[in-house]
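Provided herewith is a single structure, encoded as C-alpha cells, for subsequent inquiry.
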Amino acid sequence: MIKKGRGMATVYYPTGFNGGGDPDLVSLRIKTDGTIDMTNASCEMGQGFKGVAIQMAAEALGIPETFFTIDNSNTDTAAFSMDTAGSRSTYIVGLAAISAAEDLIKKIKVFAAGSLGVDISELKYEAGKIFKASDPGSSMTLAQIGAASTYGGTFIIGVGGFLPPPGPPRDPETGATIPSRSMAWGSTVVDVEVDDETGVVEVVNLYDCYDIGTVINPLMAEGQVDGGDIQGIGMGLFENLSPYFPQNIDIYASNYTDYIIPTFMDIPKHSEIEFIQKHDPFGPFGAKGCGEMVTNTQAPAIINAIYDAVGVLVESLPATPENVLRLIDKKNKAEKKVA
Amino acid sequence: MDLCRKEVSKMFNSVGKRVPRYDGIGHVTGRTQYVSDVRMPDMLTCKTLRCPYHKARIKSIDVSEARKSSGVYAVITKDNVPHNLFAMVPDHHVLAEEITRYKGQNIAAVAAVSREAALDALAKIKIEYEELKPVIDPEEAIADGAPQVRPEGNNHLFDGTSLVRKIRRGNVEEGFKEADFIVEGRYTTPSQEHAPMETCCSVAYLDASGKLVIHSKAQGLYFAQGDLANVFQLPLNKLKFVGGTIGGGFGGMNSIHTDHIAGLLALATGKPVRFALTREEETLFSTIRSPWIFKIKDGIRKDGVITARHVEVLHDCGAYTELGLYAVEKNANLIAGANLIKNLAVDSRMVYTNKMPSGSMRGFGVNVGQYAEQVQLDRLARAVGISPMEIRFINAFHVGDKNHTGNELASVSTIETLQKVAAMSGQKLPEKYLAMSSDK
Amino acid sequence: MSVMSRILKFYLNGNLVHVAAGEADTLLDVLRDGLGLTSPKCGCNHGDCGACTVILNGYSAKSCTILALTAEGKNVWTVDGLANGDKLHPVQRAFHEYGAPQCGYCTPGMVMAAVAFLNHYPSPTESEVKEALSGNLCRCGGYKKYVQAVMAAARGEFGPLPEGSVENV
Amino acid sequence: MREYEYHAPESFESLVNLASGDGAEVRFLAGGTDLIPRISAEKNQIPYEKKLPMRIIYLGTLGLDKVTEEGERVTIGACCTLSSLLENEIVKTKMPALRDALSEMAGVSIRNTATIGGNIMNASPAADSVPPLLVLDAVCALRSASGERRVSLAEYFTGPGKTVAKPDEVLVSITVKPGPGGSSFKKLGRRKAETLSVVNAAVYLELRDGFCQSARVAVGSAAPTVVRCVDVEQALVGKKIDEGVVREASLLVTKAISPIDDIRSSAWYRARVAPIMVARAVLTAAGRKRG
C-alpha cells in the first residue's frame, strides 16, 4: 500500500571558508570604448558565478551588465581567487568587486579632475558618468574616460580585494572560534509516498524556503536550489558507492549504471522555492552564501517524512527500498510480538 | 564600503535581476569549451598504473621494458617526482612510495602517442607486491591492534595532541539533569561520489617560454597552482593554470586527480600530455564524500527546550588527509544544528582507513551532520509529544545569540523560514508561532 | 600492434563527410577525435548519461553506444547544426532563457534529445517530457528548468518549431 | 592491444562465411548498446592478456527488423529496435506485457538503438524483455551455415550471459503466440527511470468467469537466468482469482528463484519482493482483457 508522510528539516550554513582568511581580488580595467574587463579566477562550474559577479560590479558602478566581460580563465591574467568552494564566491568576489569599483571610481575622478580642470572634491560619479556637481554639463562618460586615459598614456584599472577576517585560533578546550560572520538559513518540507510492500520511496512535493540574504540573480539562485533538491534526494534515497560497506568493500559502484543519481523521473511532482531576503550586514548588497546549504535539508526531511508515513527511522543513509523494507519488517515483527 | 549598505532591494538596478546565464549561449550551442575538449598538436596520452590492493608493499618495480615499448615517451614513478607530496594537507603521494594505502592509488604513469600505446606500456611494467592486511571499517581502525594505515597511527591528533576535536558550551551533565527525557540516536552516512558530468581531465604542455601550462578542472586555479608548484619545484611564474569553465565540480575538483601527473609528464617529455579519467576511474578512485558515524545524546524538557546535547563524531577519512580534516572541523562547528543549545559537548574524531581519501563535497562536512541532527530533532519532538514545527520554533536561534562556537549571529531567520515554509505547504501554525520573530 | 581503420562516409549536419574510423571506434570517438567536434560530450562512455546524444536518422541516439562504421550513409545531427547563424533553435532559446543549463556539460546532449523528441511529439505533457529526457543525466540538477523550457518551446513561446524532420532543421 | 575487425554482410551467405570464426572471437552486433560500451571499456584496460581479435559482424543490413503476423503467431525480427516495437500496433494491442517492459527499459535514446534480439542474446538475468516473451511462449529462430533451428525461449538461457546459441548462430527472430489472455509486466528498479531491474515479473493469464484457466509466470533478476515459476502457475490454475489467492500463490515464487547479492540489491531483498512483484503482475493481468 502507498503510505503518505510529511517531513521537514531546518539548517543553517556559514558563508566562506571555515574560519575566514580566504581572500579574493577583482580587477576592473576600463577600455577605450568605456566597456570594462573584469577579472577574478573563481571557477564557473554552473553556479552562475560569472554573471553574478558582473551584476554586482554593474550595480556598484551603476551601469548595465552589458558593459562587462569577465575573465576567469587562468592564473596569469585573472586576479587571485583562493578557491571556489564553501559557498563563498558571490559573497567574497562581490565584496572584492565593490572594493574594485570604488577604486575605479577614485581613479576615474583623479583622471577626470585633470581632464576637466576641476577640483577632485567637486566631482561626482553616477551611473557611468563623472561630472562637476555644480555644473553637470562639465562631464565625461566612461567611453570618454577610457579613450582619453588610454590614448593619453594613463591606464585606469580598479583593483580591490576582500579578506574575510580570520577568526581567532580555536580554543582547544571549548572549541570556540568564528567560522563565519554570515550565516544563511533554510527550511524544507517534503511529502513522500512510501510503498510499504517494497520500501520504495517517492518524493511528491517539496517546499524550500531559504534565506540567502539579497538574491543577486533569482534565476541562478533557483538553479542552485533545484540542483540542491536533486542532490539532496540522491543523498537521501539513492547514493552509496559501497552498499555492503564495511563488511564488503569490493562490491563497489564504478559507473552511472550502478552509482544511481536522480533522473528526470525522480524529481518531485511539485516543488516550490521561496527566498527570504534578510539583509546581511557584512555581505555584498546584503547577500550571503547559497550554493551548499540548499542541498542540506532534503535528506533529513525525506527521512523524517518516511517516519511519518510508515513509522520507521532510517538511521543509515540512503533510504533505499531495501533499507526501508528491512525496517518495516522489523517493526511489524516487533508489533506482532507485542500483540 | 557604502555600496554594500543599500538596504532596500528596490534601489538596486542590476542586483536582483533575472539575467540569463553569462555563458548560456555557449552552453546551448555546444560552443563552450571544457578542459576535456582541449586538444593540442602532437599531444600524448597518459594512463596510469593503479594499485590493485587495498594495501600493499611494493617490493620491486621495473619500468625498463615499458620505457622501451613502442610509442612511449616517458614512464614515471615516485623517483621522478621532484616533491612527492601534495594536497591541502600535503600528505598524499603523487605516485606511491613503498606502501600503497588504497585500491587505485597511482603507482606509475606513462605518456605515449596513443591510449593503446600507453596501456601496452603499462602492461610491461614488472611489479612485485606484497599484499598487506588493510583496515576498512572506521570503528575497527580506532581499536587497539588494528592494522596501521599510516606509520604515525590511524587516529588523527588534533592540535598535534588530542584524539578529539572538542566543542564545549555550558555544562552538559547539569543539562541532562534538567531534562525530562533523554534521547539517543546513532546515524551513519555512506560514501558518495560527486559524479560531475565531465570527468577529471588535464592537458599540460610547455609554452614557448618554457612555462608549464596546465589546463585544469580545478575549482581553485590558484589553489592548485600553489600546491603543484611545490610538487614540480617550480616558481609560480613558471607555472600557469588555465581553466575556469568546468563540467561540474561539487567540491570534487578541490582535490587534484590528474593535474600533477599530466604536468610531470609534460615536463618529462616536452610535449603536450592529456590525462583524462574514465568514468570508472572517476567513480572508483577520485576523492569522495567519505563515511561518517554520529552518536547523539540529547536531554529535553517537557516544554520542548533542549537542555543538553552530547555528540560523538567519527569521520572515516580514507588513506590520506586530503580535505577530511577540514570537513571534521567544519562539521564540529555545525553539528549541533540551528538550535540554541546551552549545554553542549562535541567530540569529533577522524580516523584513517585503507580507502580513497575524503574530499570536499557540496554541503561539505555539514549536511551529513545535519541529516543526523535533524532526524534526531524529530525524535526529540516525538519523545516530548510536540510537532516537528514546534520543536524548531522553540529552540530557534535569534539575532544576537551566539552559536555553538561562540559566533555571534547577525542575520538570523530560522523562524521566518519556518513560517514561510509552513504557509507554502499549507500548514496552519498556532498564533504564538506566527507572532515570533528572529529579532528578539 | 595494428589498428585498422577505414573511410566512413555519412552526412553530418547535412554535409557529406569522409573520415577515417577505427573498426571498433564509436560514433562519439569519430565525431570528437576524427572530426574535431567538441559539442557531443563524453560523460560515461557507457550509454548511461546522454551527454553524447546526437540525432541519427531522425531519432536521438547516444553516440557512445553506436559503432561508428554502422553510421555509413546515415544522417547525423549534432547541436552544431541546429542554429541558423545567430538564430537559435527554439529549444536552444528556451533552455537559455529559462536558465536550464548550469555547468552546461549535459546541455548539447539534452538539446538534441529534446529536439528529436519534439520532432516526433510536438505537443507533449510534462510527464512525457520527463520520460523522454530521462536517459540524459544532469548532476547540477537543472531538470526542473529543462522541463519548463521544453514545455515553453513546445508552446511556441520561442517561435514555431521548424517543420518536418530534423534533416530539414 | 586487441585487434578488431568490422563486417557488415548484406546477405546470410556472406555472414555464414564470416561467422565461422577462424582464429577470431565472433561477436554479432545489432544495436550495440551493450556490446559497444563493453568494447570501449576493454579498450581502456591494461592488456595483460593477449586476446583473440574480435570480429564484429553487423546484423543491421540483413532486414531483420520486421514484425509479421501469421494466424495466431507473431514473428518479431531480432533487429527490431525497442522503440519501433513500442510503436508497433500488434505489440501495443496484443502483448501488453511486452509493451510495458519495453516502456520501462533504459531511456528513449537507448531504446531507439537497442534491439530485442540484442536484449535476449545478452542473456542478462535482468533483461526486461525476456520475462514477457517467456510468458508469451516465445520461440527463438537461430540461423547458421547448417540451416535454421528453433529453440523455445524457456530452454534458451543456460546461465548469466550464456545461451544455447553456438558462436556461429545468429538469432534472427522471435515468434510468440499472444493468446487470448491478459498479460502484464512489473519492474522494481532502483530509481524511476534508466534503471536495471532489481526484480521483474511477467504474467500471462487466461480467465473464465473469474477462474484461472491457464497461467504463465516468469521472474527476472532473481536467478542466473529469467525463470518460469511453475509452482505459482499451478497454484493459480483452477482458482477464482482474488487478491488473497494471488498473494498466497505468489509466495511460491521463492521455489523458483535463487537470488544473489550484487551492487544493485541483496539476495534477501530480491527474495523478499519477488512475490510482491508477481502478485502485482498477476492482478494487473487479471484485470486486462485482450483486444
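By letter and in written order, the chains are A, B, C and D; residue numbering begins at 1 in each of them.
In the analysis below, contacts are C-beta pairs under 8 Å (C-beta built on N, C-alpha and C of every residue); 3 or more make two chains touch, one makes a residue touch a chain.
Fair warning: this is a prediction, and the values are worked out from it, not measured in the lab.
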Steps in the shortest chain-to-chain touch route ending at chain D and beginning at chain C: 1
Computed distance of Cα centres, chain C from chain B, in Å: 33
Where chain A and chain D are represented by their mean Cα positions, the distance between them in whole Å: 47
Separation of mean Cα positions, chain B and chain A [Å, integer]: 17
Separation of chain A from chain C, taking each centre as the mean of its C-alpha atoms, in whole Å: 30
Touching two or more other chains - residue numbers and ranges from chain A: 44-46, 48, 219-220, 228, 231, 243, 252-253, 255-257, 261-265
Two or more partner chains touched - positions in chain C: 1, 3, 43-46, 48-49, 99, 101, 103-104, 131, 133-140
Sequence positions of chain B contacting 2 or more other chains: 18, 20-21, 23, 116, 120, 195-196, 246-250, 278-280
Pairwise touch network: line, ring, star, complete, or other: complete
Chain C partner contacts - residues on chain A that touch it in the complex: 44-48, 219-220, 222-223, 226-231, 255-257, 261-265, 267, 271
Of chain D, residues touching chain A in the complex: 107, 188, 190-196, 198, 261-266, 268-269, 272-273, 276
List of chain C residues in touch with chain B within their complex: 1, 3, 36, 38-46, 49, 51, 78-80, 82-83, 88, 92-93, 95-97, 99, 101, 103-108, 111, 137-140
In the complex, chain D residues that touch chain C: 1, 3-6, 8, 29, 31-34, 36-37, 39-41, 43-44, 54, 56, 58, 60, 83, 106-110, 112-113, 192-194
Interface residues, chain A side, partner chain D - complex: 197-198, 200, 202, 237-238, 243-244, 251-253, 257-258, 260, 262-266, 320-322, 325-326, 329
